[in-house]
Structure formats: C-alpha cells, structure tokens
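Would you mind keeping the following structure in view while I ask a few things?
For clarity, chains are labelled A, B and C in written order, and residue numbers in each chain start from 1.
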C-alpha cells in the first residue's frame, strides 16, 4: 500500500529557488487591518448583551471554588452556608435559618398515598410551593395532580389542567405525582457530574451548586418529577420561607435542576412534609419504613399498594393504594384490633371483605 | 467517461461573484452597528402567576367539631344542650322534623335516628348501642360500632390524618378524630374548590372545558359503563367551599 | 518545534488569503457566527428560558443538532474504511477531507452541548467529579473528545508530513486510523445509548436506535462530503475523481436504504403493537389530540428521503445535478428525521401524559445557525489550507504558490 499524499513532485527533486512571499504594500495592509478592526468591532457588538448580567449572577471565586457537597469539610460547609445566608439576606432582606441537615440513623422514608381519599384539591401543590420557596414566575411546582377517568391507570388519559367549580368529580379519581425517591433512581444514574444522589434515608437530593444544568436527569425521570430553572426563579420576599437547608429549599440559582425532597429540612427533624399537613383528607401518609409500627409500614403490610410504572424498575419509595380492605382473616393484627373493639375473638374468616359503603 | 487524466487549464471566467477584501472592514462595521442597535430583543415569557393565599392550605383539621361538653348557639348566646333538653322529653323515635337545629342535615345512610348516637335523656353525652354513655370527646368509639374496619385503620394511622410528627416515638403525634374531618350528621365529604391549575412557563392557559372529557386517543376509544355516584365522596354540590376555621397546628 | 509553529502560522495566514468568492463566503459565515454569539450572550444572561424548551420538552433544537452532527462526524469512517481496508484508489486522496469534516462536526457537536447547558460556568465540574462509567453522558464526553483528538492527530500528521515533503511514517498514523474506525462507530453508538438507555422514555427505549443512528449517519455524512467535494472540484484544481463520487454515491445509497428499512421496522413495531407506548410515535406521524406540530416535518422528511433514495437508485444520479439534489434532500431529510424527529417526540406526551408542544424560538435558531456557520467556517479553513499543502503548493522550503487558474475538471456529466 503506497500512500501518495500529494501529486506531481518527487521527493528527490531539488527545491526550487525560494521566493519572497508577496510583499506587504501599504494598501493591502490598510485593507487587512480595516477588516480586522471591523471584525473586532462586530464581535464586541455581538458580545454586548453580556452588559446586562446582574451582579448576583457574577461568579465569585468562592462560588467557583466551592466543592461538591460530599467533599466539603464541616468548616467549608459553614462558609458556604454563611455565603448563601448573606445572599438571601441581600436579595430578600430576610435572615434565613439555613442549615445542613443530615439523615437520621435507622430511618428510611416512605410515602404512601391513598387514591380513594384524594379529592384533587391541589392543596398539597401550593403548600409545597410555599414551603419550598419554589419560583412563582416562572411557575415551578413539584407536585402534579392528574385527574384520571375511572377505570384506567393510564396517565395519558389524565388531565393536568382540570378546573372544576368543585372537586372531586364523580367520574374521576385523582392521582398526585411527585418525586418518587426511587431506590434505583435513573436520574442519579445519568448525572454526569454526580450532582444528584441518594441519601441514606432514601431521599434523592440535588446539590444546586454543583449541577451543570444538562437536564439529562429530567429526560431520564419516568415520573416527570424534576424541574429546571429555565430562568432566574422569583419568590416574593413576603412569601419566603426562612427555614432552609442546603439540600432542600434554599433559593435556587437559574440553570439548575430541582425537585421534591420529601421536605427534608422538616422530615429529618421529625416533622411531616408540608404536602401532607395541607392535605384535607388525610390521603397522604409518610413515615419510617424501618419502624414496623409506623403508619406507612402498616399500610405496606395490610393495604394493596402499588407503585407507578413498576415496569421501569425504579423501585419507588412512593406507594399508592386504594382503600379496599384486606380480608380480616389474613390480617396479622386482627386479634389485637378485635380486642380493642371489645370482641373476645376475631370473627370467623369472612368470605369477602366487608363492604364499606360509608365514611 | 471518467476522470480524464491531465486536465486542460482554462482561463478563469471574466466575471465572478465575490467580495473585495477592502469591503469587509466597512461591512463588519455595519454588522456591529446593527447588532448594537437593532438586534432582536429577547424576552423570557411570563407565566400567569397564580397567587394563592396561605390560608387556603393551612395545616390542620378540616372542620371544627363540637366541643365537650357540647354547646349550641341560640340567639347569640351559647347554651349547654341540657339547658333546653332537660325541659322537654323527646319521643323515642325522632327523625329530624325539628324546629330547632334546622341547620343540621341528617344524611348518614341508614343511620337516620337521632338517638342512635345521642342519649335521649342526657343530651351532653353520646350513647353506645348497649346504652353506655360516652363523652363527646370519645367519638371514635361511637363510630367504631358500625365502621369497625375504618376504626381499625384509623387506630393504625392508615385512615384519617396525623399531625405533628411522623415519628410515633417522639410523642408529638396527634391523630385527628372522626369529627375533625367528617360532619357526623352528613359524613360524606362535600366537594371543595380546587386551587389553581398549573401554568408552567410558556404553556399558556389550557382551555380546560373543551378538552377535558375528550382527551382519549381515537384508536383506544372505549366507553365506560355509567357509574353510580362514587359513594365514598357523596354528591358534589357546586358552591362556595365550606369554610370552617382551620385549627392551628398541634405542635 | 519551531518548524511546526511556522507551519501553523503559515496555515493561519493562508486562511486569510483567497479570491473574492472566498471572502464573500467567509464574511457571510462570520456574520452568522456573530449573530449566533450575540444570541448566545442573550441566552447566557437570561437563561435557557429564551429557548422554546420547557420542563415538558426539556431538550430541543440544540440536542437535535448535536445528535445529527455526531452522526456526521462518525461518517468520515465511510471514507476511511474503503481506503484503508479495501484499498480503494479513487477515495485515497479524498479521505483527508472526511477526517477534516469530522473535526468540524465534532467541534459543532461539542458547541451544541455547551450551549444547551444551564450552567456553562460550571463546566469544570466534569473534571472534578466524573460519573464514569455510570452516566452515558460521561462516555459521550470521552468518545467525542477522543475522536476529535484522533482526527486532529491523523489529519495534522499527514498534512504536516506533506508540508515537510516527507513520507509519513505508517507507525504514526495507521494504528490511529484503525482505532479511529472503531472509535467512529463508538461515538454514534454511545450517543444513541444516551437515549435508548432511558426506560422512562419508551420512544427512545429501543435497541434499533443505535443501528438507525449509524445508518442515517453513514448516509448523511458521505452525502455532505459529496457536496463538499463538488465544491472543491468547482473551485480548485484539486483532483477529485468522478469515480470517487460514484463510490460515495453507492455508500450513501446502501446506508440510506438500511436507514429507511430500520425506520420502517420501528414504525411497524410501534403501530402494529399499538400499546400505550405508541403515543409518541403517533404524535410524530399523525398528531395527538389535535396537536401535530411535527407531522408536516416528518412527512416532509420521509418524502424527500424517498425522492433522494429513488434518485440514488436510478442512473439519473450519475449526473452531477441529480446527485447533488439527492444529497441535499437526503441531508435535510435525515436532519429532520434524526434531529427534531427523534428528540422532540420522546417528550410528547410527557411521562405523566401531558401534551406540550415545542417550537424553537428565534434566539435558539440563531444560536444553532451560528454554531453551524462556525463549523462550516472551521471546515472551510481546514480545507483551504489543506489543499495547497497536499498539492505541494505550500511546503516548508518554498513560498506559497497561488492556485493555478481553475481548471474545469470533468465535464459536468459523469456518466460512464
């Protein structure tokens, strides 16, 4: 195989007489330099929108050098929190109580949602926006309530924008969806910079100061649970929730992802998530699945629970259930319940679950 | 014919579209001026902001139950029940054809007798089927007589609402009682006004009514059988939201 | 070293030398680039909200172009394989243009990813915490940059040897050529895996995506090279044998046939199964619930792809005019089918069944055009300095000889 790269000349030819390159005349110099000057001027004009960069958009050395959450020493975290606190105070004139709250030992959170009880009133959606300092314009909401026709679980038949005088509507049931905090989270898998990860208590969190905004996680999430700050988020100062934590509801910059984090600044201190507290029907249940007596453990044991899109293998920590009864004959706690009701013994195995028929 | 070997050099065509180098500088300046003054303005579209006042989603109970001992408000004054009821004897069977308490609508299924729950003699107590008197604060025991399975779920925290902490061990849990949410005389939930629908960036307001019922894909059309009113939810009555002052968080 | 620097400086200077047409073309591209820079600065200030993207459709024109361009870059291998494996003579002197185009295409692809980032200022986080090998995006970063380096090395080495009038040492580039062949397949496969690995997006979650990517790339890439070679033929004295174009035409024909076949497979599986997963495909081809922004596009793509394929099948396309038409149609068709037609429908409906359409904004389109113009600018410069070097008109020991008067190479018809 011969490689002939160029035509004609043989290697042994003597090089021809070197000539001078075309002389630079004054005229050609003027022309060239005028083109160069014009080009630079046009480039400067093209760059001129950068003048509108806001002061707080500017990347300071501290921000630029801030380490990944998992690599920060306690001292560095303190400095980062102080910086964030100062930023918030400057912008909203409110001194926030911002901390870095770690997971509790021996706790794995699980959420359960009773679809028989949910009436689709969207109290959870707005309580969440309020609690977590979500942007009002553009509007960012972590929870979507889908109005589903009865007889199907196909979300494509649902309606996100129902706007009825009152809810619930007779022919529909309501399915709120938020981050499912998967045990096998596709969003964590795809993140190129490890800006999102699963914590020990099962909550999938985002380091807003590490995310590069590629939105691959948003494409990967089968539950459409992630939101992107397409522009600078805005929260009215009088609605700012000053109780903040690093991984949850502190104000986010533009260009990063955010999502539901089970209100970790509340739940890691024993409180309940804001969506649950706002629910007027008690359809939302939250707790520690490692505690066998917790509400969610009871539900997982005795109700017929299911997860959304089980086929994608994400192992969500967010369970749905309908309020049908578990046959009492199969209930491991039937005896204790019967005792508390004053019966000596559990009734003989019922042929079918008793009808509820009322509320 | 392919690839004829030595190719004849022909003189260049006389006229050729092109740009003299001297023109480039001034043209760039034109571009610079255009970019500085007339380059297209860009804006981020604004979503319609739905401001929802905080009291629309306060945590806590859905309604304010009657206290214990119970009292009623007549003519602007609060009266204990027995103030009146010890004066009158009630018939053993009473079905809500009263002149007092007209605001009470009894819509509790087959449980349509006042004295199924209220004591005929002592109106400040409730009564169990076996005649045991019960204070108003112990409503769940009364309800459990019929709603055993719901009571069981409620005891385990699977029915109803818990406030305070998710952690039972913390001791800060408060489980709302039956009548914190349900009206004992008409326990089915009434419809409430939903909070505003999402209006994400640039999506614009969706026209809900037009498409609401016709969102299905043509190929997968199938009709649902006419379903009865969902019995759990009760009839939906359009109207103002029954605003009961929400209780403060029990923390 | 000094010699090499001189070489680079001379090439740089040469890139500013040309005739009026060259200046007009470069000026035109520069203006588009400036418009793109201007638009990107606005995006940088205001955020990605100035694009048509939403949380519902979170990837758009940028990622569509990125996908298309990765394919174009991979297509260089369609020249390399005939030359280095099958020892094809005609393509031999042209293979370098394929590699140069790969360089330009990769540069464009990387720029498209960069402008799609919400926080380009945190780009260095990739270096600090690199989620390799879990995230496919990290694979893509590696293979794309690796491919860029490989091609820069191969082209740079060959051109520099020509400049030094030295026989290139096979040891220094043949191994890299073979690595590059496998690597080219890998860049497009990895890019396909970016999408097909997502279980939550049934439209993408298909094993045929990677083969389809390769087939469409091997059609559109050589088609673009045919057009570039036609321009080189028309504007320089560089020898572009007509038979080489015919070889490329065959490659395009076969690759495009396979691409259309795979597309058919996909369409059949989606629509015959008619499961819940068909929604995205239905949106793309037929529209969903009264929303059908992509329907005219995809049918245009299918129509022009079919016309291109028919032209390529018939002897008609042995004539330059029809060959060029077929190539233009094919590139446009593949761009729609694989760019917008592959990226957008996966987001419609959303995983929660919401249907929100996507339309690129003017600003977004300007940024995209700017990147395309920049890529073409790079390609033009690379070709512009390469041709004289390869033709022996620019070498270390003699001054630059201007282009001889342009020759009309073959008659326009390249019929046998």
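Throughout what follows, a contact is a pair of C-beta atoms (placed from the backbone, for glycine too) under 8 Å apart; a residue touches a chain by one contact, two chains touch by 3 or more.
Predicted model, so just to flag it, every value in this text is computed and none were measured.
*Asks:* If you take the mean of the Cα atoms for each chain, which one ends up farthest from chain A?
*Replies:* Relative to chain A, the chain with the farthest C-alpha centre is C.
*Asks:* If I rank B-C and A-C by number of C-beta contact pairs, which comes first?
*Replies:* A-C
*Asks:* Just how far, in Å, is the C-alpha centre of chain B from the one of chain A?
*Replies:* So the centroids are 22 Å from each other.
*Asks:* State, to the nearest whole Å, the distance from the C-alpha centre of chain B to the C-alpha centre of chain C.
*Replies:* 51
*Asks:* When the centre of a chain is set as the mean of its C-alpha atoms, what distance in Å lies between chain A and chain C?
*Replies:* Inter-chain centre distance comes to 34 Å.
*Asks:* For chain C, write out the residues touching at least two other chains, lowest number first.
*Replies:* Touching at least two other chains: 30-31, 34-35, 38, 42, 46-47, 49-50, 54-56, 279.
*Asks:* Identify all positions of chain A at which a residue touches two or more other chains, and write them in rising order.
*Replies:* 32, 39, 42, 45-46, 48, 138, 140, 144, 156-158, 160, 230-231
*Asks:* Out of chain B, which residues touch more than one other chain, so two or more?
*Replies:* 21, 24, 27-28, 31, 35, 44, 200-201, 211, 215, 217
*Asks:* Under the definition above, what is the set of chain C residues touching chain A in their complex?
*Replies:* It comes out as residues 16, 30-31, 34-35, 37-38, 41-42, 44-51, 53-56, 58-59, 87, 92-93, 113, 116-123, 125-126, 128-131, 134-138, 141, 158, 161-162, 165, 167-168, 170, 194, 197-201, 239, 276, 279, 346-347, 349-354, 389-392, 397-400.
*Asks:* With touch defined as at the start, can you tell me which chain B residues reach chain C in the complex?
*Replies:* Residues in contact with chain C: 1-4, 7-12, 16-21, 24, 27-28, 31, 35, 39-40, 42-45, 200-203, 211, 214-215, 217, 219.
*Asks:* Can you list the chain C residues touching chain B in their complex?
*Replies:* Interface residues on the chain C side: 19-24, 27, 30-31, 34-35, 38-39, 42-43, 46-47, 49-50, 52, 54-56, 90, 237, 241-243, 274, 279, 282, 288-290, 356, 361-363, 366, 404-411, 414-416.
*Asks:* Across the complex, what residues on chain A touch chain B?
*Replies:* Listed in rising order, the residues are 28, 31-39, 41-42, 44-46, 48, 116, 119-127, 129-130, 136-141, 144, 149-151, 156-171, 230-231, 239, 267, 270-272, 274, 277-282, 285-288, 291, 293-295, 298-299, 302-303, 323, 325, 328, 333, 337, 340-341, 354, 356-359.
*Asks:* Using the touch rule from the top, collect the residues of chain A that touch chain C in their complex.
*Replies:* Going by the criterion above, the answer is residues 1, 3-9, 11, 15-16, 18-21, 32, 39, 42-43, 45-50, 52-53, 57, 59, 64, 67-68, 138, 140, 144, 146, 154-158, 160, 177, 186, 189-195, 210-216, 218-224, 226-232, 253-256, 309, 312-314.
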